[in-house]
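Each of the next two complexes has chain A plus one other chain: chain B in the first, chain C in the second.
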Partner chain A sequence: MNYFQLFGLEEKFNLDTERLAQVYQKLQRSVHPDRFAHASSQEQMLAVQKSSMINDAYQSLKNPLKRAEYMLTLRGTEMPNEQASFKDNMFLMRQMELREMLAEVKFADDIDAAIFEATQVLEIEFEGLFKTMQTQLADNTEEANQLASDNLRKLKFYQKLHLELDRLEDFLFET
Partner chain B sequence: MALLQIAEPGQSTVPHEHRLAVGIDLGTTNSLVASVLSGEATTLKAADGSDVLPSIVSYQNDGTLVGDAAKAHAVTDPENTIVSAKRLIGRSLADIQAKYPSLPYQFCGDENHPELVTRKGKVNPVQVSSEVLSTLRSRAEASLAGELVGAVITVPAYFDDAQRQSTKDAAKLAGLNVLRLLNEPTAAAIAYGLDSGKEGVIAVYDLGGGTFDISILRLNKGVFEVLATGGDSALGGDDFDLAIADYLVEQAGLTRPLSPSLERQLTMQACQAKETLSSAESCEITLELEDGKKWQHELSKETFESLIQKLVAQTLRACRRTLKDAEVTSDEVIEVVMVGGSTRVPLVRKEVESFFKQPPLTSIDPDKVVAIGAATQADILAGNKPDSEMLLLDVIPLSLGLETMGGLVEKVISRNTTIPVAKAQEFTTFKDGQTAMAIHVLQGERELVDACRSLARFELRNIPPMAAGAAHIRVTFKVDADGLLEVSAMEKSTGVEASIEVKPSFGLDESQIANMIKDSMANAKEDIQARMLKEQQVEAARVIEAVQSALDSDKALLSEEELAVIENALSTLAEVAKTNATDDIEKQIEVVNQATATFAERRMDSSIRTALSGQSVDKV
Partner chain C sequence: MAYSEKVIDHYENPRNVGSLDKNDPQVATGMVGAPACGDVMKLQLKITDEGIIEDAKFKTYGCGSAIASSSLVTEWVKGKSIEEAAEIKNTAIAEELALPPVKIHCSILAEDAIKAALEDYQSKQDS
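Presenting the complex of A and B:
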C-alpha cells in the first residue's frame, strides 16, 4: 500500500491538504501508542511501528517537495544523488550570484530592507521553478518525470539558500 | 443478591474498575502529584495538608529527608542537602561545573557519571530524584488508598535524550510504572485546552526553576498538535537567583570561593528577594558573614530587573525562533499560557505581553497546571476513559544525527518532527576489507560534533570484508512516544546481520539500575523475591485482561484453530500466575505474546481500515 492509498487519496501532486490532515488525525487516533498504554507489549510495539509509519507518510505527502520526491520514486524515476554534478551551467552561475547576494546582506546600510529584498528574489525564482515542476509532474511521461526530477533538485538548492537566509537573520537579530 | 441491575444501553454491565494512575510534575524547585478523582484532576495533599513538595533531599545520619524537612538543613548542611537535582540529571560533570561553578557539593565519579559525596555515601542525581518521586508515590498511594498502575512523569520539552532517559530511570528506581514521559508545556496545554474548550494556535511559555520551554500548539477537536518547541534546559528562576547572588557578592566585597553554607545562604536570600520583589518596590537583604558580622543591603526592583533583563531577552529570542519553526506569526496566537513559578516575576509578564502583543493568561495556577494536565493524560493512558477523543501529537525538541567524516554531524531526524518516528540512513565503508564501523550518535542543531551532545557510541562488527564502498550499512533511529531514542545498525548487502554494542555515554545502563533497585530494597528490608513475583503476577493479569478484551471485540479476525491456540495459552497463563514460580510466569507471558502477534497485527490493520472507511462515509 503506498502513502496515497494509505490516506485514501488520489495519486496527484495537487492534493486536498485539509483532507490529508483530517485523515491523518483519524488514522493516528486509531493507532497512536497512547491508545495502547495499557495493552499488551505486543500491541504497544505494533502501535509505535504503525504510528511512526503514518507520521512518515504524512510528512512525505504534506511537504510539497517531499511529495514530489515520493511521487517520482513511485514512478521509478531515477533521482540523482546530492553529490552528482549538475550539467546546467546557467543554473550554477545563478546559484553563485545568489550566494554572493546573501553574503552582502550583512554589509547593507539597511539590513532589514536587504533581507526583505533577498527573500523576494529567492521566492520569485522558487515559484517559477515550482510551477514548471508541477506541470511536468502532471504530464507524467518518462521525459517529463526526468525533467521534474532535475527541477526538484534545483528547488532543493533554493530551499538551502532560504535556510541560510533564515540563519543569517537570526544571527543579525541576536547580536 | 442483587435484585435489580440498571445499566445504560450499550454499556457494559460490569462496573468499570477505576485504575489508579497519577501525573507527577517533577520540578527543579518543587514537585507535585495529581490524580483524576470523580472526573476531575486535583493535586494530592500530604498528611499536613500541603500539596507542593520542595524537590530537596537531605542525607542525614538518622535517615533520608525529603521536602520541607530536608529544606531545614539546606543552609546548615549544604554538602548533604541536594537542591535542584533536576539541573544535574543526565548531564556530564564538565557540563555541570561549567554551568554551575559554585555548587556546594563534592563531586566524584567519572566524567559521564557524576556522583555526589554525602555522609550516606555516593549518590547520583538519578537516585536523588528517585527519592522525591518515592515520596510522591507513597503520598499518592496513601491518599488514593491503593496501588498505582502507573504514572505520567513530566519533563521539560527541551530535555535531551540523556535527561529524559535519566528521569525515566529515576521513576523506575522509585517503583513507578511509567505510562509516559510528557512534555511540561504540552501537559499545561491539556489542562488549559480542556478547561477553556478554545480552538486555535496557542503558545505555552514555561519558565520554571531551572528550565525554560516555549511550545506552539494547535488545538482542534481534542487534538493537541505541537507545531514546534524550543527553549533552554539550563535557564530558569534559579538563574535569576544566581544573578542576584553574584550582585550581592560584588556589593558586599566578598571573594569566591565562599563557604558552602554562605553560598547556600546567598542563594536562599536571593530567591527570597526575587519573590518579595514580585509585589514590592524594594527589599532588605541581611547576610550573616563568616566572621559573624551582619551585612545589610537594600535591593530595588529596578536593580533586580536590570540584573535579569538579559535572561528574559534570551527567552524571547527562543520564542521568536520557535514561532518561525512552527510557521506561524505572533498574530495567529490566540492565547499565551504562562506556566512555572518564575512567570510571577512582573518583568517576565511585561516582556511576554509586549512580544505576543496580548496579556498572557495567568488564571490557571502556574505551579499546578502541569501536574493537572499530566493527571488527565495518566487517567486516559491507564484506560479509564476508553471513549476519550483526546490525541496528543508531540515532537522531538532537538535534531538527532550521526558523526560523519571530518567531525561533522549528519542529521537523521530533524527537530520538531512528530513522534513516534523511525528513520533509516545508509552508510558505507571507506577502506577495502573494513570489518567494523564506529557509530557515534549525537543530538543538537550545530554542524560540528563538538558542539552537539554525544548520546551514545556503537560499534558495528563482523562486517564481511568487501571493497571500499561496497557495504551497505543501514542505521535506524527510532524515537518512541516518550521521546526516547533507540538506534540499531546492520550490514544488508550480504544479508549478514552484524552485532551491535550499545554503550550509553551518559546515565546508567540496565544492570546499574537493577543493582540500585536491589540495594534500595536491601535497605528497606523488602523481600526481593516477593517483589519480583508480584511484578510478574501483575504483568500476567495485565496481559490476560488486554488479550481478553481484544478477543471480546475482534474474535472474528481469527480462525478457529488460531483462537484455540490463544485461549489455550491464556488459560495456562492464568493457572501459572496463581503459583509462585516467577520464571514460569515470565515464560508463559512470552508464550502468550508470541501466540497473539499475528492477532495484534490484524487488529491494528483492521482499525486503520475502519478509520479510513469512516472517512469516506463522512465524505459521501
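Presenting the complex of A and C:
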C-alpha cells in the first residue's frame, strides 16, 4: 500500500491538503496508545509502528517537493544521486547571481525594500519552475517525469535560497 | 560540528577568491552545484599555450567545507599541467582538510569543478 492509498487519496500532485490533514488525524487516533492500553504487547508494538508509518507518509505528502519526489519514486523515475554535482551552466550562473543579490542586501540603503525585492525575485522564479514541474507530473510520461525530476533538483536550490534569505532577515533585524 | 583547523584557516582566509575574464580564450570556467545543500561553486583557470595553469580563482556559495575545498584546489592547481590537475582526486582534498563523512560531497564538488573547467578549456580549444 503506498502513501496515497493509505490516506485514501488519488495519486495526484495537486491534492487537498486539508483533507490530508483530516485523514492524518483520524488515522493517528486509530492507533493512539490509549486505545491499546489493554491490548497485548505485540498489538501495542504494531500500533506504534503503524503510527510512525502514518507520520512518515504524512510528512512525505504534505510538503510539495517531498510529494513530487515520492511520486517520481513511485513511477520508477530514476532520481539522480542527491550528492551528485549538478552541471547546468545557465542555471548555476543564475544561482550565482541570486546569491550575489542576497549578499548585497545588507549594504542596501533601504534594507526592507531590498529584502522585499529579493523575496519577490525568488518567489517568481520558484513559481515558474514549480508550475512547469506540476504540468510535467500531470503529463506522467517517461520523458515528462524525467524533466520533472530535473526541475525538482532546481527547486531544491531555490528552497536553499529561501532559507538563506530567512537567515539573513533574522540576522539583520537582530542587530 | 567541529571544523578542522585547516578548514577554518581556508574559510577565514580563502585563497584566490575572485573572477577571471570568462571571455579570455585562455580562461576556463567550471560551474558545479549540489542540490542536496544548494552549494554553488565556480572555478576559473588561466591556462598557458603550453597547457600550464598559471592562475586560478574561485567563488563559492556554501558551507565552510565547500569554501575550504575550492580554496585548497586553487592552491593545488597553480603551476600544474592540465593533465596533472585532472588527476586531483576528491579523496586527497578530503584527507588534506580532514573532512568528516557528511562533508565528503564538498570535496567531490571541488573535484567536479576542476573537471568542468578542464572540459570548458577543451571545448574552447576545439572551437
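Heads up, the rule we're going with is that the second predicted complex is superposed on the first by the 166 of 175 C-alpha atoms of A that agree within 3 Å, B and C clash if a C-alpha of one lies under 4 Å from a C-alpha of the other, contacts with A are read in each partner's own complex, and residues count from 1 in each chain.
Going forward, a residue touches a chain if its C-beta (ideal position, glycine included) is under 8 Å from a C-beta of that chain, and two chains touch if they have at least 3 such contacts.
Since this is a predicted model, take the numbers as computed values, not measurements.
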Which superposed partner A:Q95 touches (first chain B, second chain C, both, neither): second
Touching partner for A:K160 - first (chain B), second (chain C), both, neither: second
Chain B versus chain C as contact partner of A:A108, first or second or both or neither: neither
Contacts of A:A138 with chain B and chain C, given as first, second, both or neither: neither
Contacts of A:S51 with chain B and chain C, given as first, second, both or neither: first
Larger contact residue set on chain A - chain B or chain C: B
Touching partner for A:K87 - first (chain B), second (chain C), both, neither: second
Contacts of A:S40 with chain B and chain C, given as first, second, both or neither: first
Of chain C, residues touching chain A in the complex: 31-38, 40, 42, 59, 61, 105, 108-109, 112-113, 116
Touching residues (chain side chain B, partner chain A) in the complex: 19, 149-150, 179-180, 223, 317, 320-321, 324, 377, 380-383, 389, 391-393, 417-423, 478, 480-481, 542-543, 546-547, 550, 592-593, 596-597, 600-601, 603-604, 607-608, 610-612, 614-616
Contacting residues of chain A [partner chain B, same complex]: 6-8, 22-23, 25-34, 37-43, 46-53, 55-56, 58-59, 166, 170, 173-174
Chain A to chain C touching residues, read off their complex: 80, 82-83, 85-87, 89, 91-93, 95-96, 99, 153-154, 156-157, 159-161, 163-164
